[in-house]
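Input: a single structure, listed below in structure tokens.
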């Protein structure tokens, strides 16, 4: 299935490869936590937080949301950051300084405190029994796969990883993943590390052996990986990154057109119904539009063409 | 601080031990706290459960509901702005059926009060919604979101025309459960908010909710096009607080007997206090919830403490105090 | 950084070496930069001399002048608000005589262009001011501040009534130097800014300045009374930028041929770019000057760089680009 | 003259003791400067700044204005802080954590940079030849007198200082002033340091020997000191602290009713026509009102009663 086809009908006729990701086991908490480690890694900064109540609740694929800018901040909205690892009371995140909020986060020092809500969102569902898992991370998206890789290996699944980025300094968590996974392939757009090209170069080679695919990274990458997996008949789960005002499910800003279990497409919240979605359930090509077959589009005056 | 988590934001923590009587009313409906959620900023309350004791807050003001399910607008639906944000959700929701079968029973089972926001594009829609909400368990009353385009008047927003606004309110008042107070929610985007307030209160509104968002726009410097899928959007958050307070002040000054549910940029107890002093007998906390999911409970506690420190023994005493 | 001062904010530093043609016009008047001061936010320019090359900016838009000297209101005259401020200065000034004998000659001697803001409480006041400014050296044109109470209409603000606003503008246009473009400065506190814009442009306005402040209020939690001596005040700064941009967008959409001087919360070149893309052919930097006295020059430089990076060769090309 | 009388008329009939403070010799600059010292002193924090271009321009009585809150700040307005000392390229200020902006300032650390404009405002005018000077500081207002005391002593004037505060921990710069002045008297409201009572206790005793009085501190203190000096026929200069939006003279928010050289009262900007005013020129009792005899009050509809 390509994303531009009509998944609503297809879902009903042929069915999808994935089930919607189930809710997390435990509810989030809000805490003031201390930064206990800060490590610049190439283009990113890794922050380590003493956050036992979040760590004990977190599952791979979930994220946290930080208040940014301090007491005098003009930035009202929290910033969502994927959890990289959560163990022994410690949560690790990798932050890229994109705009003012994430830049502020990267400037935090050991001993500073942060107001954080988490863990948020739905975790990656487990793989089919015995399946070989292919994990694909783009840029800092690879960080979000570290905890997943650990869990999969602990459960006895073979794990292949593909980490890609624009350039070597935008790769992330490669050392950690090498220590965990069976194989790690690296691609960069400019060839400054690993093979030159997009992650799909490596993904296409590894897909035939995979029983499930997990991906985290920019939307175009998720789309390419999900499409490739679906074309091979392999279930895929993608962790999307959509602009979020609340992160907890109350504002409806973060929606994507997602095909539900009944085959109908709804605008679903990526914070609470995602960020992990079945790769064949995200209508990538329709993101940013209002397709007529989304539930309730008729009430917006959009009619079947 | 040691390297452990502190529990600075726990909405479940005991309310501050103050003697201030925090009970207030929404029209005829008594509520134990003057602090409510704001429509569209806490969905139907469920997601706040981990952070707030929903039975202790004044009420959950629910996301505006329409008759039919609505997809809402295409994304992007938000843009952060200095001390605020723009949204163009487009009233996404499952419609009145979903509300009646899913959301309201969930709230009622837990003893959570709901104040139901209704919206429509024709006067009859509003009346039908009010009708369907008669006698529904747990429903305290109705907030009428008239900041919607009126399809029968080339899309002019009801709230921007005293006559259209009154038509909606009188139809709702006639159709609604007599036990349900009807609050009209006003838009600040008018030349004379007092005249709209007077018109809807003459038309039977039991109270006024003020304010809805201000119409705004942001252009993305990269794409060089408006950020929002809906082009314009509603501005909310602390940025608009002075405008909201001015509206509450003006209307309370002109119509001191009309109850006001105040909102717009409330983030702390002292912000809420300003609204109460200006004339609001209850307040809604909207966008601040996105920053702090426990904001509604925290604002209650901070407001109670602030009232106590100032020698008030009840919130009622402080309502409109700044005019005296 | 070493323990020495850096010169990060020097308004006198060379303009960035860009090929972008920054010339624009205010009506018929050519100016070398699209970035101006905002009325009331840079007095008459003098105090900015240590920070900005006044001859290089578009023009100094002077503090609104009335016929007679005015004390202005009692203090407090300001309240800081989230990403903004309220002011209630009350148009303090020495009147038209002071302007003509003190301020305008000082500016003219130095070759600084002035765009003179005039204000009054009767239509005749405005006309008399325009008359007295005919042929004054250095004066480029007039900005008509109609956000003043109309004494002949129970104090309703001229800008809130298309008819009253048009009366002022046509009287000014008739009395003013024909070489002086007349810009009407609009208030955002109206239900339909496009109708006011259309009315004043039909009445002869050569351009529109948008927006003036929004009416706001802040209550002091200690005194429990409004902070400002004038009770309400005008809200300005980045907090209002989305509202200002929406007004510029709507009016440019409806009246694409009417030149717009855009303002409201501009702090950076990218903010100014948003106004230009929305339809402003020039911009005023107001409250941001209080934060950064060299803001007007800095915004010019940043805007020039931003236009260049986006492949524009002139500011004129970018005007209204977001509508295309 | 008491402040509640009609100074406009009195000025014409009897004249005033002070001339308006003249402008500063040099214009201000705007610079990014580094914090090179930070010292908590009781209730205050003293910050030392490497700011040679400001230091070389500064005269006693002037102030600087800091941008506060950093890149993500919702606080748009600068905070005015009196210059305590300015020598050898270094400017010292003493900050009291009152609200969010000043609190942020007190949290700056060595190595941080600050965006500062200064020196601003008019300095204290010099004393009559050979006059004994009485300097009166309330709370952190005493800090603003340190540079003045140094200059006066260097010029050969005997200097008496009175420093007062609510309590011992709110006194300021007393050690520095003891090292400079001929005498230093201390008063506190609660008696926790020096004599219990208001500064006027000590001022009344020292006034008979004084040829000029300089004061900096809260408005009620300035009023009491100015009134006492005027009653003794001694010229006084007060540095006022009025809420300022711009600090550079362009906004008109910071005005006070001040009697001019022509005896008429105008709303004068405390940032550029002050903060130093002749003590007998400030109509203290009328602050916050609009007296009918202020120039231009008639245009506001205020008529002579």
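Note that the chains are named A, B, C and D in the order they appear, and that numbering of residues resets to 1 at the start of each chain.
By our rule, a residue touches a chain if its C-beta (ideal position, glycine included) is under 8 Å from a C-beta of that chain, and two chains touch if they have at least 3 such contacts.
No experiment lies behind these values; they were computed from the predicted model shown.
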**OP:** Identify the chains in contact with chain B as well as chain C, in label order.
**Re:** A, D
Subject >> Relative to chain C, chain with the most remote C-alpha centre >> reply: A
**OP:** Return the chain pair with more inter-chain C-beta contacts, choosing between A-B and A-C.
**Re:** A-B
**OP:** Calculate how many whole Å lie between the centre of chain A and the centre of chain B, each centre taken as the average of the chain's C-alpha atoms.
**Re:** 33
Original post:
At what distance in angstrom does the C-alpha mean of chain D lie from that of chain B?
Top reply: 46
**OP:** Mind checking the centre-to-centre distance between chain A and chain D? Centres are C-alpha means, answer in whole Å.
**Re:** 57
Subject >> Residues of chain C whose C-beta touches two or more other chains >> reply: 82-84, 237-238
Original post:
Which residues does chain A have that touch at least 2 chains other than itself?
Top reply: 74-75
**OP:** Using the contact definition from the top, classify how the chains connect: line, ring, star, complete or other.
**Re:** complete
Subject >> Footprint of chain A on chain C - complex, ascending >> reply: 82-83, 238
**OP:** Spell out the residues on chain A that touch chain B in their complex, using ranges where they run on.
**Re:** 27-34, 36, 50-54, 67, 74-78, 113, 115, 117, 242-243, 245-256, 266-267, 272, 287-290, 294-300, 302
Original post:
Tell me, which parts of chain D touch chain A in their complex?
Top reply: 68-75, 100-101, 103-104
Subject >> In the complex, chain C residues that touch chain D >> reply: 1-10, 40-43, 47-51, 63, 66, 68-78, 80, 82-85, 87, 89-90, 92-95, 229, 237-238, 287-294
Subject >> In the complex, chain C residues that touch chain B >> reply: 79, 81-84, 86, 160, 189-192, 214-219, 221, 224-226, 231-233, 235, 237-243, 245-246, 249, 265, 270, 273-274, 277-278, 306, 310, 321-322
